[in-house]
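The next part holds the structures, each set out as structure tokens.
Both complexes below contain subunit A, partnered by subunit B and then by subunit C.
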Partner chain A sequence: MPRPGFVLDVDRSTPPTLFWRGEGFSLEKLPPDRSRVIYAPEPLPAIDDIDGTIRHALDHPIDSDPLREQMFAGMKLTVAFDDVSLPLPKMRRPDIRQRVIEAVLDVAAEAGVDDVHLIAALALHRRMTEGELRHAVGNRVYDAFAPSGALYQHDAEDPDQLAFLGQTAQGEDVEINKRAAESDLLVYVNINMVAMDGGWKSTAVGLASYRSLRPHHNPTTMEASHSFMDQHRSELHHSTWRMGQVLVDAGVKVFQIESTINTDTFPAPFDFLLKREWEWSAKDRAMYLGTSKSLSKLPVSAARKIFHSIEAPHQMTSIQCGEVEAVHRQTTEHVYRQQLVEVQGQTDILTMGIPFICPYNVHSIMNPILVMCTGLGYFFNLYRNKPLVREGGVVIMTHPTLPDFNPVHHPSYIDFYEQVLADTTDPHEMSTTWEERYANDDWYRHLYRTSNAYHGVHPFYMWYWGAHGMKHCAKVIIVGGNAKAVRRLGFVPASTMSDAFEMASDVVGRSPTITHLKTPPLMIADVV
Partner chain B sequence: MGLARIASAIGPGAAAKVGPLDYASVDVPKLPGVGWHRVRTRLSGICGSDLSMIEGHASTYFDDVVSFPFVPGHEVVGELDDGTKVVIEPVLGHAARGFPLPFPDAAPGDGDDYGHLTAGLIEPGIQTGFCCSTGGGWGPEFVAHDSQLHRLPPDTPDERAVLIEPLAGGIHAALLAANGPAAAGHDAPIIAVLGAGTMGLAAVAGLVRYKPGARLVVGARYPHQQAAAHALGAHDVVPAGELARAVRRLDHCRLIGDALAGGAHAVIDAVGSAASIAECLRITRPRGRTVLMGMPGEVTLDLTGLWHRETELVGSYTYGTERLADGSTARTFALAIDTAATIGAERWLSATYALADHVDAITHAATAGRRGAIKIAFDLRNVAERMSN
Partner chain C sequence: MASVPSQYLRRAARAAGTLERTVARVTAPGRNVGFPLRAPTVPASVVVPAEPPTLGADYDTDWARTPIARAAREALTAGLMSVVVRRLTDPEVHGHDRLADLLKSRPDGDAEPPPVIFAPNHHSHLDTGLMVCSVPRPWRGRLVTAAAADYFFDKRWKATLSALALNVVPIDRESTGRKSADLIAGLIEQGWSLVIYPEGGRSPDGWGQGFKGGAAYLAARTGVPVVPVFIDGTDSIMGKGMSRPKPGRARVTFGHPIHPQPGESTRRFNDRIQRAVAQLADESTTDFWSAKRRAAAGATPALTGPAYAGWRRRWALTKRRQRGIASWRRPPERRWPDLG
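For the complex of A and B:
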């Protein structure tokens, strides 16, 4: 039986705690008697018969007719699926999307459906490469659909591929992929890594245009989302749920398939990363030392290559399908079952080790903007009820924060870093002054549509993602980061964790409480 | 020269010890004829072309238009025998050499035939500071022709006046850029300047003042240079390596390979290396103009892009008579004197040295950027003169 999550109170006998530092790690000694470390629950067991469970779910949906009863010859069927941004790290083959899509296509074939399109729901993310698509959907599906043009990627900048469906009561424009909107049935194949994923966010975001993302991907909405992992207190989710209603009213028929995965995140020899430090065996300690020494001697590019080649052993723990909101309620419970850790009260200082990966740098570089987004956008938001850190507290991250960018994946990020952040780090101000210029830049648009580039506006969204965290915290410190880059982000660089605590004392005094969120593996702190 | 080149590679300023430069007493130059005057040096700047010469990097092109031995120093503020403060327009033009002017009121740098440079009353030499007959500003006294003298009000600070010559060079380049085929007809052309040493900043000052609508982007390597360009009023100042992206952001063009699909209407190269010229050509829009202000010497360049984009590659040497946007003409030096006062050019003079400390001075000038300096000069005034200035 896997052990639940755990909050360790640090005392003098507590071994040093592992902190991620991008493509490396460090062991940090936290001050005793006022520090605690939150450990994620151990991975739940995976479902034994995954394919059988998928077929069973398709035949027994929630608040919906079985999938085979919704299929008929001559119908127009669209299967949309989550893109390369999850799961993280990419999962060992076969990917869950492949298993689910194959099962859906089997049902479609039995019903004689031959007008089938498969669409990667990119929103404004970068287009996936052929290899990434093959990894997600499998070679059989790829070879059957891609050559004829029936497997493709959503293009949020192609006006001929978009359908405007109306506005929400709050005046939010809803515009999604035309083929998906006009199909007799839209099947959405989702992977829920975190509680934020899924629900109406799948279709209303994944298949949307810039026009339809603006109403919720903005600083005001992000600051009012407390947190992204708690849909009932997330303005982002309220907005997408309103948009979902517009889809329903417009007659878009969605069959939602949501799956959850466990937190079995790292294979050997990196499995020591999942363990609690006082339980490290001699082999684990040797692996830690060997790995961190070797990584420190490698060029960053080589270390990146090693980490991005990791294929995680995580596996499916549940699958549910049918009506979007009913499905998502169950999915969220499954995610919470895996990830929720009860934590008593808030802390003065929240520490977090930023790893090599986030949803937006798969096979790429964790640039400074993504470091900010991972820390203040994702990790800060891994809570329910209250943030882990008190308002006016301090966040300390560890990451090299090199001013390195992947020019193919993140061209507009480079300009954002050089131009926008040089002007302002205020999400509201940059939204007013700069966003549209980037969103409508012809070159970025061209690269998004034809290359493998994130949309021109995407770095703004990453910055907005951290807006609530930025507003909530009095100071953000990055330990071990490139000083110039850290300052460009508007944060404070520190050489060591001790220096960082000293710097934080200006804000939180000399004996602050400290909480380390030891993630990955992913978890959600239920702060009571 | 070979030894100087090797020495300069070892350390900045090393060439000053082993190169062609000697610190020695020489005879005061004789007045070559009518219209010539003795000038007593007060301040004399160290220019990039002086450093090239000392370090043995100057092109052999100049071998026939200079005469040895010469006293360097062409950025000079001095005084005449009657105490009048003057700044020197160093080009030794038609009038100084006793030839008719190419057109009425021509400046020393005007004309389209350089035959006079090796003939006339004085030995060959393109400028004061490169001619054995005249002496130069790096000596206590030299001779200058009426056509070279610009009389200044006595209260003009020497520290400002010594910047007038480089300012004139920058303004000339600025107007060449602004009058190029792509920029001239445009109210708000994009004009980029790569390099923000003294000359780059001078060009920025010229553009801000004489092409005020231009959207001016400056690529500057060092923070103090970036601050100086900002202070002059540049629209966008970025680290030099980010200039292409900054121009693209203004133009909203695409990037094809490492060249901009469009780009700046005109670009001024204030560096003068193969890499800087290549970068400027990449960010100049098709049928735009690249102005070479930095002296390039012998460089290797792929000019395919220039051919394909029909880019104008234009040299910018010294100054002369300028055509302004309203159709009027003006002497570049007159514009520079005015601009120097407007911007308070004296703030660019970072340090001065006595002639005896020439090795330190040249070392400082050769490393000015990384040491946070802009202009280094020799100070030949006595203490009382310094105090009263």
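For the complex of A and C:
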């Protein structure tokens, strides 16, 4: 029986705590008697018969007819699936998407459906490489559909592939992939790694255009989402749910398949990263010393290569399908069952170690903008009810924050860093002054459509993602970060954790309470 | 004259100070290391669930009785252990003839000797090695020794080494462990003979201690005889509290096997064993006939020594040691004269 997550009150007997630092890690001693560490629940057991469970779910959907009853010969079927940003790190083969898509295609084949398209729902993310697509959908599916052009990636900049479906009551434009919108049935294959994923966000974001993303991917919406992990208090989710209603009204028939995975994030020999420090065996300690010392000697590119080659052993803990909102309610409960940790009260200082990966740098570089997004956009938002850190508190991250960019994946990020951040770090100001220019830049558009580049507007979205965190906190400190890059982000660099606490004291006083969010593995703090 | 020794003393003090500082400097990195070079401490608020114990009385010694381990042990016993025991104790062994009848009672064609329980007194860690090298040869190959679980099995390396070299099995001294008793009774029933120290531990002061009932209980439970054994001299060679062995002489005297009588309680049987060992002690430090007569008169000196404490008890011990083999001088190595 896996142990639930818990909050450790740090005392003098507490060993130093592991902090991620990008492609490395360190052990930091937190002040006793006023610090606490939040440990994630242990991974839930995986489903034994995954393929059998998938077939059972397809035959017994929630608030919907079984999939086979919705299939008929001559129909137009579209299967959309989540892109490379999920799950993290990439899971061992076979990927859940492969298992689910193969099960859906089995049903389609039995029903005599010929017109099947498979679409990677990547919105404004970069196009996946062939290897990444093969990893996600498996070789059998790829080889059957890609050569004929029936397996492809959503292009949010191709006007011929987009269908405008109307506006919400708030005037939000809804425009999604034309093939998906005009199909007799759209099957969306989703992986829910966090509570934010899934629901109408899958279709209304994953298959949308810039025009349809603007209404919710903006600083105002992001600042009003408390948090992304709590759909009832997230303005982002309210917006996408409204868009979902437009889809339903327009006659788009969606069969939603959502799956949850456990938090078994790192395979041996990196599994010590998931353990609580006082439970480290001699082997774990040797692994820590060996990996941290050798990683520090390696060139960063080699260390990145090692980490991005990790294939996580996480496995499916649930699958449910049918009507979008009903399915998502169950999915969210499953995610909470795995990730929720009850935490008493807020803290003055929230510390977090930023790992090597986030959804937007798979097989790539964690550039400074993504460091900000991971810290203030994702980790800060891993809460329900109240943020972990009090309003006016301090966030301390640990990451090298090198001003390194992947020019293929993140071309617009380079200019964003040099041009926009040099001008302003205020999300609202950059939204009005700079966003349009990047979003409609022909070169970025060309790279997005033909290369493997994120859309021109994507760095703005990453910045907006952290808007709530930036507004909420009085100071953000990055320990071990490149001083110039950290200052460019508008944050404060510190050499050591002790220095960071000293720097924070002018905001939170001499004896602040400190909480460390020890993630990954992922968790959601239920702050009461 | 007085200035010379003080000068030497000052030099010695300076040298000692330099040595102390050097040692402190060299060992400083080792003393200051913490987690992860050392095992982590556990936060006070965390209750660590106990893992099933694998040391102490729960250490599994089955592997030490596999053919490979037995072969390794026999080689060790015949080689290194035998040399060390001989060099340190120069042992004299008496009384093997008293066990001859046990061998005769074997069923025809049975090569293995019948299992017995050897019950010697206990003064030294050398006793076990001495016993292993001294028991009659037929019993040596199938001999286990009961050893304190809290001392010999508290660390894995110690437990492994003890089990391999001496074929010891853990016995719980602190509580009456059913597990230990079951294990040992099972081994006896499988034909293994046992060395068990009824005193429960080494003598703290050179005198013997009262016998605990373990040997008597096991004999009564399994029906095998107890062979009383008296070991003399090892307390002077490496008694409790001695950091280094001081080579000397030891004598091992085996007594007649004692069988539990029908209806005899464990306590009474235990008393008989203790009296038998005390008689052997008397025999060992005087002579067979004198000891026999004192035993017949009920005047055998107690193993546990005089009732009084303090210096008089220690004084009495020196008297006894003078009678024992420890006071004997090592015989000079005899050289043949060079006759040219």
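Keep in mind that, in the parts below, the second predicted complex is superposed on the first by the 528 of 528 C-alpha atoms of A that agree within 3 Å, B and C clash if a C-alpha of one lies under 4 Å from a C-alpha of the other, contacts with A are read in each partner's own complex, and residues count from 1 in each chain.
Keep in mind that, in the parts below, a contact is a pair of C-beta atoms (placed from the backbone, for glycine too) under 8 Å apart; a residue touches a chain by one contact, two chains touch by 3 or more.
What you see is a predicted model; the values in this text were computed from it and never measured.
**Q** Counting only touches as set out at the top, which of subunit B and subunit C does A:282 meet: first, second, both, neither?
**A** Only subunit C is touched by A:282; subunit B is not.
**Q** Looking at the overlay, what does A:63 touch: subunit B (first), subunit C (second), both, or neither?
**A** After superposing on A, A:63 lies clear of both subunit B and subunit C.
**Q** Once the two complexes are aligned on chain A, which partner has more residues of subunit A within touching range, subunit B or subunit C?
**A** Of subunit B and subunit C, more residues of subunit A lie in contact with C.
**Q** Examine A:27 and indicate which partner it touches, taking first as subunit B and second as subunit C; both and neither are also allowed.
**A** second
**Q** Answer with first, second, both or neither: which of subunit B and subunit C does A:10 touch in the superposed model?
**A** Only subunit C is touched by A:10; subunit B is not.
**Q** In the complex of these two chains, what residues of subunit C are touching subunit A?
**A** 34-37, 39-46, 48
**Q** Under the stated contact criterion, what part of subunit B meets subunit A in this complex?
**A** Within the complex, subunit B contacts subunit A at residues 236, 238, 242, 245-246, 248-249, 252-255, 261.
**Q** Spell out the residues on subunit A that touch subunit B in their complex, using ranges where they run on.
**A** For subunit A paired with subunit B, touching residues are 414-415, 418-419, 441-443, 446.
**Q** Under the definition above, what is the set of subunit A residues touching subunit C in their complex?
**A** For subunit A paired with subunit C, touching residues are 8-16, 27, 277-280, 282, 285, 288-289.
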